[in-house]
Amino acid sequence: MLEVKGLTKRFGGIMALCGVDLRLREGELAGLIGPNGSGKTTVFNVVTGIYRPDDGSVAIEGEPLVGLAPHKIQRMGIARTFQNIRLFRNLTVLDNVRAAYHPRVPYGPVSALCRTGRFVEGEKEIREKTMDLLALFSLQVRKDELARNLPYGDQRRLEIARALASEPKVLLLDEPAAGMNPSEVKALMEFLLEIRRRFRLTILLIEHRMRLAMGICERLIVMDFGTVIAEGTPSEIRNDRRVIEAYLGRGTHPDS
Amino acid sequence: MQQVVNGLQIGFVYALIALGYTMVYGIVRLINFAHGDVFMVGAFIGLYAIERCRLPLFAVFLLAVAGAALLAVVIDKIAYRPLRNAPRIASLITAIGVSLFLEYFTALRQVFGPNYYSFPRPFAVSSREVCGVELTNLQAIIFLTTLCCLALLYYVVHRTRMGRAMRAVSHDQVTAGLMGVNVNLVISFTFGLGAALAGVGGVLYGIAYPQVNTFMGVMPGLKAFTAAVLGGIGSIPGAVLGALIMGQSETLTAAYLSSTYRDGIAFVILIAVLLLRPTGILGVPRTEKV
Amino acid sequence: MILTVENINVYYGNLLALRDVTLQVGKGEIVSLIGANGAGKSTALKAISGILAPRAGRIVFDGGEIAGLPPHRIARMGIAHVPEGRGVFANLTVVENLEMGAYTRRAGREIRESIEKVFTRFPRLKERSGQLGGPLSGGEQQMLAIGRAMVARPALMLLDEPSMGLSPFLVGEIFQMIEEVNREGVAILLVEQNASMALSVAQRAYVLEAGNIVLQGSTAELQNEPGVRAAYLGG
Amino acid sequence: MTGVQRISALARFAAPFAAAAAAGYLLEATAVVNPYWVQIFQLACITSVSALGLNIIYGFTGLFSLGHAAFYGIGAYAAACLMKFGGGESHLFFLAALAAGAACAAFVALLVGLPVLRLTSDYLGIATLGFGIIMKVLFDNADSFLPLMGGARGMTGIARMTSVPWTVVILGIVLVSARNLVRSGYGRALVSIREDEIAAGTAGIDTYRYKLAGFVAGCGLAGLAGGMYAHLYTFLHPSNFDFFKSVDVLVIVVLGGLGNISGTLVASFGWIFLLEGLRVLLPPEYIEFRWVLIPALLIVTMLLRPQGLFGFREFRFFREEAES
């Protein structure tokens, strides 16, 4: 589905990524884990076109995408959320999602200018789709609130809703469980399984808490110092010596 | 070569103004449009101090520095401080308001008056040849005064407790407050320090180009500000470098092209530099954290 | 009690972030404040150190009312707040950062001594004393932030998520440091997401949920509380 | 929709414009109102068009521009030159000249925007400020390459074509179009860029292209307004298009509230009438106090309402209403 090969990225003198290889299989829910600063978010930023890599390739369903602008990559079927929630803060919940429908508006600018029938129809269709999506996230009652006024949890959910508006094939989630307690994490996990089924998604999520990632994901990819040091099922990872050494540190247990 | 020396003359004056822009921007991210007018007030204080009070040159500078600094601190308190937590554009608009107010208020007959006034020369201008270039005593004074100001500024910013606090506040106001720094006081101090340099610049400008009026701050202000951006806004050495480039480009254009294009060339350079280095020559490139 | 917070309400704009929060920190005590993200933990610290002004309620520190005072005045009274994300001044050197910690103190020699003391405790900072704070690693920055707070010689230290973004090994080191600071008589109010760590060093703790304090007690009691175990300690 | 329905819809749409134009015509022809004030009214309409342009650029798309007056000037000079070349007094040609002026401004905006829009926030503002000053220098020296433009002496002898019906109808059309565009997916794309450019990109919006589109459209409106201005006052001078004129429009947009059409409209009229009203209201010996009072008022207003007079509130007409 998504294939990353030899990805390298430097910032100044610092090697943020050096030769990262990873592969997502269609329909899986995989986790990208590793300590802070190991390069997980940088992988997302390179894959979604925010940074241009110094070397390496990224392809979705065989189509290379390195060097393309973020919106083109999004249209190839990759959507994402951000670690430090980036909503359109002064727009309503409704408009946050509708903005993401924009690339596929069924009317042209002239049609919008003259408010033709096609425009009215198109707007109605977008609104209906948006409301359906919001309903799925239980956000429909908040549709007219400004995004910045939402509670933290709703903001995270709205960001996922906005990412889904583009009907992506691959969904990249950057620490979706940040700040959640275990029962909330459980609910999130069920929710992710549900949207994966409904939208036929392949999901890659970042999580730096080892135990949590093991609870959610079917397969784990572990990064440290800008490289992938291991991948496999949670039980394989749990027993991987390199992971235990590099990630878990000396003598601490995998709870942090 | 002669043109280069002439360019240095105006370049140094621009540097004195540009420093105020860059420091204020560095600390509160405000383009302080009123700064050029503080420079103008400095020049007028100089004018009165020389003409009416017949003070010695040193005292003239002191008076201009004090007046300009006081004015800037008052402006900050009235027009900018209440808007610290408002959208940035709001204080930009009040800065424009303050600028217009200062220009037109001082142009009233009851204040400085609307005309051009000739600035008295406190000494006779003479020149001598140094290394094949004509150097006037006026230019020597400008160079020396500016260099002294720069040295003093470097000392304040890098060697004093207040300077450390200024740098801390410019990086993170909230945390600086947690260290016990009175953030408002530090910001006022920065406004005052920048204005003091502009006050010196105003007097020097008056002596060098001996005609003043209340709108004289507009163009030098814009150019000094451009210089600050050219060098990398927020950077003190950048402001000086930008100002010197600005001065050179202006005198060279006037000498070899046409003085009517003088005001334009500097901005062509500015745009060209920004396109190549979006944060100016010495500005630190910012990578936004995503 | 060195710090008493009584029924404070804190708002962000019109959003109520803390409702009727009451908590106390005794002299020389370590108290933890735990809860999920957005529960209001950082907000509580910000209200105490003056970054946010409570709309109602009292905050008494060392016998004096401090609610609504500006941060620099509260800092001068002896509260050192190490903010979330550490707040290291990236454009100042390590030494200058430490000197900023001593901003409220005047005596030059004593300040030098305090800084030396920090250096002996964190030799790694000494190696980097002339470098800028920005390029330091996360662990070094956290050491610098805590060291900077120590230089201020506070009576109360507020620590916001000192373990955030650190490897488990460093987390252990930082918590050792916190206990050492406390042994010198500094009271500590600790905000942590890493609840098991937070409960292990503190004597007492408060649990915040959606801006309310829902539980409080000794850490031993809380560690055995089934609700706390389920929500914060992972079963 | 049947043909009859179509025509009736069109008629319903056009009726208010026709009425306004007729009222304007009567107003002008019967001279019940002092012609001076009629002219001020026209200036206010023209300023609204230009300010709406800047609002699209800055208020909606979030592109900080300090060079709006340059595009206003380009439109003015371009339309005036064309009209002088071959327009005579033809109203049809006048319309074409206005369109050409707007197109000229838009084209220059495209050329300038292509490189400059890669800059962000204050740096973009400064680059556009620089462009504004360069244009002013060019206008000042224009007589050396096109004597018609008059350079620093000013351009004279422009036909007086702008009339109340024209200004009212054009402003009306611009308002309706701006509302329609802004309250559509295209407007949402612009606003999302203002809110968070990176997030907009990953949400599939071609940020560079839309920034360019917003900038070009806004500058085009400035050019349109410039053409009307030229044919209202029949005299152009480079100082009409300097930095201060850019600031004027910026003040209007901020006062009205960023991204707020109603606010821009009200602020434009308020600003122009305040400027001119003070000229009449102040006793002649105090006339120079005008520019002391205005900035003082501006500062006080900003201190009291930093989010602009209107904030987010819009007149009903400009609110969303495409769907039930």
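Which chain is which? They are A, B, C and D, in the order written, and residues in each are numbered from 1.
Basically, contacts are C-beta pairs under 8 Å (C-beta built on N, C-alpha and C of every residue); 3 or more make two chains touch, one makes a residue touch a chain.
This one's a predicted model, so the numbers in the text were calculated from it and none came from an experiment.
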Centroid-based (C-alpha) most distant chain relative to chain B: A
Comparison of B-C and A-D (more C-beta pairs in contact): A-D
Statement: Whole-angstrom distance, CA centroid of chain C to CA centroid of chain D, is 53
Query: Distance from the CA centroid of chain A to that of chain B, rounded to the nearest Å?
result: 48
- prompt: So how far apart, in whole Å, are chain B and chain C when each is placed at the average of its C-alpha atoms?
  reply: 42
Message: Two or more other chains touching the same residue: where does that happen in chain B?
response: 290
Query: Of all the residues in chain A, which ones touch at least 2 other chains?
result: 50, 82
- line: Residues of chain C that touch at least two other chains are none
Query: Can you name the residues of chain C that touch chain A in the complex?
result: 15, 36-38, 137-138, 163, 165-169, 171-172, 193-194, 196-197, 230-232, 234-235
Field: Touching residues (chain side chain D, partner chain B) in the complex
entry: 115-116, 118-120, 122-123, 125-127, 129-131, 133-134, 136-138, 140-141, 198, 243, 247, 250-251, 254-255, 258, 288-289, 291-292, 294-296, 298-299, 302-303, 306-307
- prompt: Within the complex, which stretch of chain A touches chain D?
  reply: 48-50, 69-72, 74-75, 79-80, 82, 86-91, 95, 98-103, 105, 107, 109, 112-115, 117, 119-120, 122-124, 126-127, 162-163, 165-166
- prompt: If you look only at chain A, which of its residues touch chain C in the complex?
  reply: 35-37, 149, 151-153, 178-184, 211, 248-250, 252-253, 255-256
Task: State the interface residues of chain D toward chain A in the complex, per the touch definition above.
output: 1, 177, 180-181, 184-186, 188-189, 191-192, 195-196, 198-208, 312, 322-323
